[in-house]
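The following pair of complexes shares a single chain, chain A, combined with chain B in the former and chain C in the latter.
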Partner chain A sequence: MTELDTGAPVVPETAPPDQKIKADRGFLGRAGIVAAVLVVAIVLALVQSGSGLVVWQSVVTGILTGGLYGLIAMGLTLIFGVLDIVNFAHGAFLTVAMFLSFGMIQATGLHPYLTLIAAVPVLFLLGAAVHRGLLSGKGGGSLENQLLITLGLSLLLENGLLMFFGAEPKTIDLPGDFQFPLLGAVVAGSRLYAFLGAIVLGGLLYWLLRRTRLGTAIRAVAANAPGAALVGINVRRMHTLTFAIGTACAGAAAVLAGPLVTVTPTLGEQFNITAFVVVVLGGMGNVVGALVGGLLIGLVEQLTTIYLGGQSSLLGVFVVFVLVLFLRPQGLFGRRA
Partner chain B sequence: MSTITIAAPTGSSDAVKAPPLRPQNRQLAILAILVIVAIPLPLILPAAQGAVAVRILIFLLMAVGWNIMSGFGGMFSFGHAAYFGLGAYTSAYLLVKHNVSPWIGMLAGMAVAAAVAVIIGYFSFRYKLQGAYFALATFAFAEMLRLIVTSSAFANKSVGYSVPLIQDSSLWLIQFPADSPAYFWVALVLAGAAVAISIVFLHSRAGRYVTAIRDDELAAASLGAPVVRHKLMTVALSAAITAVAGAFYTQYYLFVNPDLGFGSAISIQAIVPVVIGGIGTVWGPVVGAIIIGSLTDVTATLLRTPPEFLGFLQGRSGLDVVLYAVLVILIVRVLPKGIVGTLAARWRR
Partner chain C sequence: MSARMLVAGLGALALLVTGCGGSAPMGAGGAAAGRDEGPVKIGALHPVSGSNAVDGLQMRRGAQLAVDAINAAGGIKSLGGRKVELVTGDTQGKADIGQSEAQRLISAGAVSLVGTYQSAVSTNVAVVAERNRVPFVMDVTASDAIFSHGYQYSFRVQPGSKAIATAAAQYLKAVSDQAGKPVRKVAFLHEQSDFGSGAADAFTAAAKQLGIGIGPNISYDATTVSDLTAQITQVKASGADVLAVAGYYRDSLLAAKAIASVKPGLNAVWGVSNGAYDQPKFVADAAALGNLYFSTNYHYDATNPETVALREKYQKLYGDPMRTGAVLSYDAVQVIAHGVEQAASTDPQKVRDAIAAAQVSPLTVGRGQIQFAPNGDNRNAFPVLMQVRDGRVQQVYPPEKAESRPDYRVAWRP
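For the complex of A and B:
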């Protein structure tokens, strides 16, 4: 069982001081390496494109988009950290929420962000139902079964949406959307809102996990489920709640991302891939790592577009993914299992 | 019980009966009967059903390939599209650019796919990727190949290759008139050979090592099983068979592009029949491929002329995938061993 790591120093209190220093130094060292690589990458991008403005625009866009990736990945990493479930249906949940948001806007003319009121609870309930109905109990036991069930679920949701709504892309317009210049780069208001929303929601999730009784119980279940059961925590209920919270994160992310993308039934697939990369990069189960990983992946994606041009932005993401899987499978900020 | 009885044949009746066939010979005999029964099928079936039969055989090839790696070997692959696409693209490239027969292209595709699989496998085992991490890594490699092919002029970018048409039919170029039964027979030979190879492999010395490693790697290694070598052998064999499916697919549909070759839908199509039939069983891929192949056809007919209550679905796509997604979820929840696995377990009891 992977421990849920929320980014705080991971060395137990009783560890001898020198070990703690070593752990901190390792962490700082890795952060330094990441920063150095990032600087080199940006310099290379400057050389490649020859225009500071293009690179600056990419960096800004990358960071803003990365916040969104982080938000999507937070739900995924929470589910993985506590339940050990690799949830292939996360992207499909995101798509469901986007269609829900789109439908409400069409039906009632609500402001897009107000559909959060419906999307988050509905996705919470959907997540709880999926966990209780499909993933817990005898049949959902092994890793392969969970992979296959969530894979089947994502196919079911995506193609169900395709059947009922058709494949025509849909757009969500943000009333009063604006653009403003930031040191020469153009920033769309919707992108900025999405980024800020991601930060706020990430903070909320962090607070929930670190500062509330519920969060303590969730972390206890993640660290040692039998032990948590011994002290009176209802492990199965915590699992269902965690899965539901993770899914609700996808709902919130969908509403925030709605105005930025064209909504199609297969949209979730691509976000799902990116979210997995972010989760592995940040360390499976590490909520803050997911946010940082999201920012990094947003940057990687934009910089790859500068290097290679056109449609291959995902290629850089996968290269990073494979390198991280091979060299640091516990993630940049995780510890060795 | 005070006396120790050694497990000897009880009673003398066994000695009179003919010794039972060894399992692999029994399975090969069943396979031979199935193939012989299938030979006249394209002559009996109407043309539309003939196409379904060919599609079932393509599914079967992919399923057998996936089953060898993930069923027998226990390495859950989510990226078999990589090998399918490599097979398809290698043979298409050789045919289009160098006018090489697709048979040779198929062999070349098998070699390329096996080599790539060994490279991916070597690094994955070297860095001890397991379970979900391994599945994600295989997926990442397949997607990387798709993106590389999509963006390289060498492989015609997103356009892909079209097989040049010839006037008459030719077995050497695997090209026949559109609804010729010859396509079915070629696919039948390929699929039959693939199932036969999987049977022989499972019961061979190497196959026994592989299943032992799947069941308990540490124990197998302690007893001296060469773990990495056998894992790589499994991966290579699996990739080569999947590459055959890709090469034949290109010849049958006369066309391949990055999404048809390397798309994640292909990986899923390799997984689903095996899950439904039974992971790690010899006959699971066969049963699963028949179910999935015919399901696709039934839904297509249903949507062309829908009954009253499904009228709103006319012209919509997605129903077939919805149905097999539901089937996968149900099978995993209710019959985790798949149809064949569950039946076999009941038989033995």
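For the complex of A and C:
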């Protein structure tokens, strides 16, 4: 059912070697196909625009923006994979963390990235409270209720922020931000940091899930909750922890993305749709898949603007989304962490 | 259990009853009665919640300041000094809510409506106004489509989208010629909805007549875009010497950041009805990035002492600089009050006729007094060219409205 980091449950460590090799080959094959399609797409873009510089800049921008998308989608995919909760409030959590970061910078003059020390724990606690208070009880039992609760929560948070901070757009300045040319394309330092942050966060989550007792327990709960309970794992506590870790990821993403965006209470909407597409594309519950999915969506967005000029870049994103759903409903990397 | 259900049922019933009790008199027949006694009601519809809440709130306050000014000067004299009252509605930035709120305000006895900041909302409110035969004076509404339907009750104070884009092309030609660097080719970057595309189309048409080349024409989705570097690189590769930008606040700020990092070989950045480049907020947010940016838009008249006094008052009361939208709301309410004064009546149809014939001096930049053409558009609406100079937005063209002379160059090139 759920497929968090499904390498383990579906192809367990004890699986016969040939089965594991087969899974690896399938994964490599898919990655190869995706890479080949990408190369063709980039060549087509080159033909279409006739300017190597424009296409190269698009690819660089696409990869950097994609890292940001992956960063935002990671917490979402974790919550989805383990708890089966479609968390519409993820964008709102992101916004809350961004305002927290903004508020701290205003009040104390901290370096924006240093606000991580507050944003991550606060969001962790917020996530735990929301799960314990709203979602894990009787009210959050059914799928419809979860949808309505998270949707309602996002409205509540957004309008709360609006009331408290006002709708005036705010900006977070990164001291000492720089940009450097990369073979003619321009790379902004803040975007590079966000991209690197996404990779570090992805690595941390991967390590947490695969190499620690906690991660093993989380994966066990995702694979089979009654079974996990039988061997002495507190399922409810694991659910709360996972939800809290997921929102803490939103906190980290918010701090890293803060200098790149204009901070408004409705900011979450902007990323919610893209984040969901990335989650489905990468395979629900697959953290590394979310990162790769983010990169793909970033590239698709940029290339769409080259192909179709005036059209919304979301058009290309959703064409890819529908194609993936049609050809591989479990997501591109749905069976492999 | 059953007791609890009973209580719940009773509660629901009570809610229903009071709900109906509240709305019934408004809906039925109460309209005329509400207008004949007590203060003269003017209905203000703005988005005071949602993503446009800052502007919406500014505009509601602007309208309120106008009402206060009218009351302080003795109210409506032709009605024996009756006071004016602002009844307010929140559109939440949504067309359907705007429509129902308009109906509510009219039922509550509003002699006229003012609003709404967004074209889509104004389009719906204009229909309600027409159906109820209540005049609707728009403060901010860019779309020109509303004025092609032959509506009798719709009026607009600000210059329309086409007027601004056409003026932007003419000013560009004049200013670049004056600077000895005549414009050759303009790249147009715009958000893809009616607002941005409409501005791009009108600008292109006007530029062609003036012999200015246009291209590339690049659009983006303002709701989701998070980086415009590739688009600005495209501008750089095209060799255009001017970049025109028609966007909202957030995306225009992104464009400014991308321009600063790509540094294309431009002579000027030219905002067309741009939602950022004439805002004091942009000057603060973008700091050095936005220096020397131009913008053609409607604007409060910085050369009018009355406007200066009004903006000082606003700043003192609310602690924020007063935006042009709020000054337009102020103007629109003045127009309505003038209409009521001339009509010496609170009958919306008589007020409508008086507004159609009104002549009111605006606090926003205009060619003269506010006067409405037969289609309801302000005949003397007049866009002005502004530039970010010395850390603030200054009017630079045409000369009779200029605070300083235009400086036709960009900050990152000598």
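Quick note on the criterion: the second predicted complex is superposed on the first by the 312 of 337 C-alpha atoms of A that agree within 3 Å, B and C clash if a C-alpha of one lies under 4 Å from a C-alpha of the other, contacts with A are read in each partner's own complex, and residues count from 1 in each chain.
Please note the rule applied: contacts are C-beta pairs under 8 Å (C-beta built on N, C-alpha and C of every residue); 3 or more make two chains touch, one makes a residue touch a chain.
Predicted, not measured: the structure shown is a model, and the values here were computed from it.
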Query raised in the report: After the chain A overlay, clash or fit between chain B and chain C?
Result: clash
Report task. Give one of first, second, both or neither to describe whether A:125 is in contact with chain B, with chain C, with both, or with none. Result -> neither
Query raised in the report: Of the partners chain B and chain C, which touch A:276 in the superposed model: first, second, both, neither?
Result: first
Requested in this report: For A:200, select first, second, both or neither according to whether it touches chain B, chain C, the two together, or no partner.
Outcome: neither
Query raised in the report: Counting only touches as set out at the top, which of chain B and chain C does A:314 meet: first, second, both, neither?
Result: both
**Report entry** chain B versus chain C as contact partner of A:28, first or second or both or neither
**Finding:** neither
Report task. Would you check which partner chain A:58 touches, where first means chain B only, second means chain C only, and both and neither mean what they say? Result -> second
Query - First (chain B), second (chain C), both or neither touched by A:36 - result: neither
Requested in this report: Would you check which partner chain A:166 touches, where first means chain B only, second means chain C only, and both and neither mean what they say?
Outcome: both
Query raised in the report: Counting only touches as set out at the top, which of chain B and chain C does A:261 meet: first, second, both, neither?
Result: second
Query raised in the report: Looking at the overlay, which bit of chain C runs into chain B, 1-9, 19-27 or 199-207?
Result: 19-27
Report summary line: Both chain B and chain C touch chain A at residues 159, 162, 166-167, 265, 269, 273, 310-312, 314
Query raised in the report: Can you list the residues on chain A that touch chain B in the complex?
Result: 86, 134, 139-140, 143-145, 147-149, 151-153, 155-156, 158-160, 162-164, 166-167, 265, 269, 273, 276-277, 280, 308, 310-312, 314-315, 318-319, 321-322, 325-327, 329
Query - Contacting residues of chain B [partner chain A, same complex] - result: 76, 78, 123, 127, 129, 131-133, 135-137, 139-141, 143-144, 147-148, 150-151, 264, 268, 271, 275, 279, 313, 316-319, 321-322, 324-326, 328-329, 332-334, 336
Query raised in the report: Once bound in the complex, which stretches of chain A touch chain C?
Result: 49, 51, 53-54, 57-58, 61-62, 64-65, 68, 159, 162, 166-169, 171, 179, 185-186, 188, 191, 260-262, 264-266, 269-270, 273-274, 302, 305-306, 309-314
Query raised in the report: Given the complex with chain A, which residues does chain C contribute to the contact?
Result: 49-54, 57, 192, 197, 217-221, 223-227, 229-231, 233-234, 236-237, 249-250, 253-254, 257, 261-262, 281, 285
